[in-house]
Amino acid sequence: MSHSSVDHHRLRLVVRYTLLSLIALMFIFPLVFMLVSSLKPDHQLLADTASLRAFLPVGDISLSNYDKAFERAPIFLFMFNSLLVTAVTVVLSLLLCSMAGFSFVYLNWRGKQLAFSIILATLIVPFETIAIPMLLMVSKLPWLGLEGLTWGWLNTYRVQIVPFIADGLTIFLFTQYFKDLPRELIEAARVEGSSWWQVYWRIVMPLSGPVIATAAILKFLVMYNQYLWPIMVTQQEQYRPVLVGLQYFFQLNTAWGEVMAYLTLITMPVLAFYLVLQRAFIASIASTGVKG
Amino acid sequence: MQKNSSSLTQHNRSGWLFALPGFGLMMLFIVVPFVFAIVFSMTNQRLISPNPTQFVGFENYRQLLSVNLLVLDPVSTETGELKQNTDGTLTYPRIRTFTRNNPNYPHLQGMKEWFSWQWQDKQVAILASDPVFMKAVVNTFLFVMVVAPLQGAFALALALLINQRLKGINVYRAIYFMPVVVSIVVVSILWRFIYDGQNGLLNNLLHSVSFGHLAPVDWLGNPDTALGSIMAMSIWQAVGFHMVIWLSGLQTISPTLYEAAKIEGASGWQTFRYVTWPGLKNTAVLVLIVITMQAFALFAQIDVMTNGGPLDSTQTIVFQAVERGYGKQDISGGSAISVVLFVIVLSISLLQRHFTREKK
Amino acid sequence: MKTKIMKNVLLASTIPLLSLGSINGFAATELSLWYHGAGNPVEAKIIDQIVGDFNASQSNWKVALQSFPQESYNDSVIAAALAGNLPDILDVDGPVMPNWAWAGYLQPLNINSAAIEDFLPGTKGYWDGQLYSLGLWDAAVAMITRKSTLVEANIRIPTLAQPWTLTEFNAALATLKQTGKYDYPFDPGLAWKGEWFPYAFSPFLQSFGGDIIDRESYQTAEGVLNGDEAIAFGEWWQMLFQKGYSPGNSQDSADRETGLVEGKYAIQWNGNWTALNMLKAFGDDVLFLPAPDFGHGPKIGAASWQFGVSASTSYPQGAADFIQFATQDRYMTAFSDAIGLIPPTKTAAAASEHYRQGAPMATFFELSAQQAVLRPVTPGYVVAAKVFEKALADIADGADVVDTLDNAADEINQDIRRNLGYGH
């Protein structure tokens, strides 16, 4: 009997892994296509889309598309710009949005209802629809920097960062998560005389690993994939991000191999970011035993 | 907002200090530009123009939203009989004879057919002054109604599947998440290869699976399949993201509850129904709202893959707003669309809240 | 981590300061130049050389180049103009020029008209009686096919003097379709969205006798875009797709690029910029043929990218000097040799590799000189072009021809009214 239960267990494992793998196949095939295509010369790449060869690194395989892509555009510059803008925005966003979320869930203040309603309402405003008024505005905003007071934010990093630090979704994400945290911990800390900042920084944030990871990933994706806004506000190559760089590859006769190489290159940092966060994410699961 | 927070005392100063940095930025960079958009929508403001801007009231909205009804009698012959086509159908006068420079129908001037149907021997036509926008509204709703529940459900299924202790589960988790990592613009470019009507990957796959019985479909070029194809791709692309949100919700459920359920001998379904699902309530609200918002904002896929075609079958509200505001330099018309979208979604969420409240 | 980022931010923000300082060391006044060629190394090399030569040739001005990817160039310029951030010199797509001039982005170009007398008409941008922009090249479109294809199917090879007629062309398509050798006999190129539609196809409409807009008044499209001639064009256009002669809107852009070479298409409507590739693929067998005569003479589109001076510059003379310097024969020849563009003058053409007398692409120069028509010269063109594109796409997808053209005419008229006649 114990023998058959071991068999049964094994069978279930096989079924599970098969299911997991089949689903995995569904999610990964376009990306395999992208990676494999980046190694092929254009004529072969296009001919191969008609068969399973599209997913196999066969035929005339080389890295020459990558060489040519680097010649066509300053790829490292674009990646540096995107990563810089993204990193600064993510860090500031996590801080300010979690603070706001904390305030909405744990603190009582006049105007809170209204403020929260406004934040929820902003979720309905797609960025595309306010881009022009925003452009008119940022082109006249003041800034106090090393050079003293200047007017107009065009062609800077800050114009790509500051408008996107706070958003309704991230704040909402934090409020939904904070609501599930045990209130007793906070009330106990307050009774012991902790300030609200201490409660936020020492108790609530350390418990918020999963939501921080989720919010960070979301923000990272949004920022790394910025496109419309940088086109409007960066007239100098020096500040352009990766998706504007993608435009360099769509010429009259598009070199698809180079496009695929570029896509592969710009996808790597995001994937790496997720894999790193996933580990943090898993680690934080272990610490959630306190909740309930 | 929090009912039980009334147990806490007022903390106006701390509350504002915590909320102000984020809230202030949002006011400046979302609310203020949106107020500008509302103002634009009441003027004849162009994106670029030397002409002075004038206040036009609700003219842009009237132009966008006017609908009218036209009932047509079939054409009869001189003897008074109804004229029939060879296949027995009746003929009707062309709608353009009523809507273009017809002094008897001044209220229909410039309107176009949105859709029409047969009613007894008459043809009933719904006219709109902007049928493309009307189609965009319908398509957007279709998209939301299909994508929101499917994406949410698939994401939850994936989250449950991936939330087990199995060797190598992290690898699968990462793979399921991969499409999210790739920009939607990039994904749309890749999927054009997949959906290609001639030698696309999907057609080739179907061809070999069916041993050559399925004829190739021009997925994005056929009005019947284009929107569906974009829905499928959108679900595929974002499902991994919502899986992660569900996962972070799953992790807030105490393991002790599961142990208790196990001790009481609950089945898998019962555990889900009475332990997991109740613990996911806040997450479910979040996922639903996020998906709905994203679905209403459908734009990039359309812009890269179909441009709203074929025959307007993939027009969407945001695509129309952008197409008008930037493409046709009509920033006032584009802004009016944005405001209409805002009002639509706001009413839906208020309704939603109203109904969920009554249930309590 | 955080401090590192801060360091980079500081570093990055000091770079422009430093470079500004170094420029101030020279006496020359800096002129900024925007160009749409980012990502195209061959073009970049020539434009860099022009800028370098100009800067070395005199000491008053120093031109600084900023390149943009073509796909988003117009969006970038409009955004910059809205924000009051235009450069001194910028390039502009010919048909868009009146829109920017009318909106006050450009100022008239101070170049003596005698100096550019022998330029191809498509390279000179006139609006409201004044020269606003000038191009280093023109582009032309032709029916590209192989001699062997036509000979085999027993189809007459048309000439500039005697192009195909409508009936002849339709018959040729039917014949080629019957051979069964090609997926589609004729590829007009619907994969290329945007400006390609009005550029490539509105000359067909004009050859039928219609137009996008009435060019007498520029105040209405009624009767020209939806008149009998236009309807005849629309029905012919729809027929191309209904009979399976042409690939429709969902044509893959890769097929557009390789379809003719791979033998999927028999005839392709394509520009001189692909001619080099075709020559490479087919050698002597390639044919660049004139557009069919659909009743009102064979016509192709004219005007490509041109240079203009922004309205906000304080140095219009320096800007005009640069443009005049750039439009020397040797640079026009260089562009032509490198990417196959048509040189604007006979002398530049004579010096060029592909367009000198007897050279394989000389046809294009003649096409451009004899058959080229400008797209409607009006600020309203930008919107009209969009409307036209959608109408043609819808008709190709099977929409009712008459209704679609009526709606398009209405929309164009409404736009003209809302813009108070666009200053005509």
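All chains are identified by letter, namely A, B and C, in their written order; residue positions are counted from 1 within each chain.
The rule is simple: contacts are C-beta pairs under 8 Å (C-beta built on N, C-alpha and C of every residue); 3 or more make two chains touch, one makes a residue touch a chain.
The UniProt protein names, listed by chain, are A = Carbohydrate ABC transporter permease; B = Sugar ABC transporter permease; C = Extracellular solute-binding protein.
Nothing here was measured: the structure is a model prediction, and the numbers come from that model.
Q: For the protein chains shown, what form does their contact graph take: line, ring, star, complete or other?
A: complete
Q: Just grab the chain with the largest centre-to-centre distance to chain B, centres being mean Cα coordinates.
A: Here the answer is chain C, farthest from chain B.
Q: Which chains are joined by the largest number of contacting C-beta pairs?
A: Going pair by pair, the biggest contact count turns up for A-B.
Q: So what's the Cα centroid distance for chain B and chain C, whole Å?
A: Each chain's C-alpha centroid was found; their separation is 35 Å.
Q: In whole angstrom, how far does the Cα centroid of chain A sit from the Cα centroid of chain B?
A: 22
Q: Which parts of chain A, given as residue numbers and ranges, touch two or more other chains?
A: Residues 132, 136 of chain A touch two or more partner chains.
Q: Could you check chain C for residues that touch two or more other chains and list them?
A: 75, 82
Q: Do you know which chain B residues sit against two or more other chains?
A: Where chain B meets two or more other chains at a single residue, that happens at 47, 193, 196, 326.
Q: In their complex, what parts of chain B are in touch with chain A?
A: Result: residues 1-2, 4-6, 8-12, 14-16, 18-19, 21-27, 29-34, 36-37, 40, 47, 158, 161-162, 164, 166, 169-170, 172-187, 189-191, 193-194, 196, 199-201, 204, 236, 240-241, 244-245, 247-248, 251-252, 254-257, 282-283, 285-286, 289-290, 293, 296-297, 299, 318, 321-322, 325-326, 331, 334-335, 337-338, 341-342, 345-346, 349 of chain B touch chain A.
Q: Which positions of chain A touch chain B when the two form their complex?
A: 13, 16-17, 19-21, 23-24, 26-28, 30-31, 33-34, 49-51, 54, 96-97, 99-100, 102-110, 112-113, 115-116, 118-126, 128-130, 132-134, 136-137, 162-169, 171-173, 175-177, 179-180, 183, 196, 200, 210-211, 213-214, 217-218, 221, 224-225, 227, 243, 246, 259, 263, 266-267, 270-271, 274-275, 278, 282, 284-285, 288-289, 291-292
Q: Going by the contact rule set out above, which residues of chain C touch chain B in the complex?
A: 75, 78, 81-82, 99-100, 102-105, 183, 193, 248-250, 252, 255, 382-383, 386, 393-394, 397-399, 402-403, 406-407, 410, 414-415, 418-420, 423
Q: Which of the residues in chain C end up touching chain A in this complex?
A: 2, 5, 8-10, 12-17, 34, 38-41, 66-72, 75-76, 79-80, 82-85, 87, 253-254, 257-258, 273-274, 277
Q: For chain A, which residues are in contact with chain C within the complex?
A: Touching chain C from chain A are residues 43, 46, 71-73, 84, 87-88, 91, 132, 135-136, 138-139, 145-147, 152, 154-157, 231-233, 235-238, 244, 247-254, 256.
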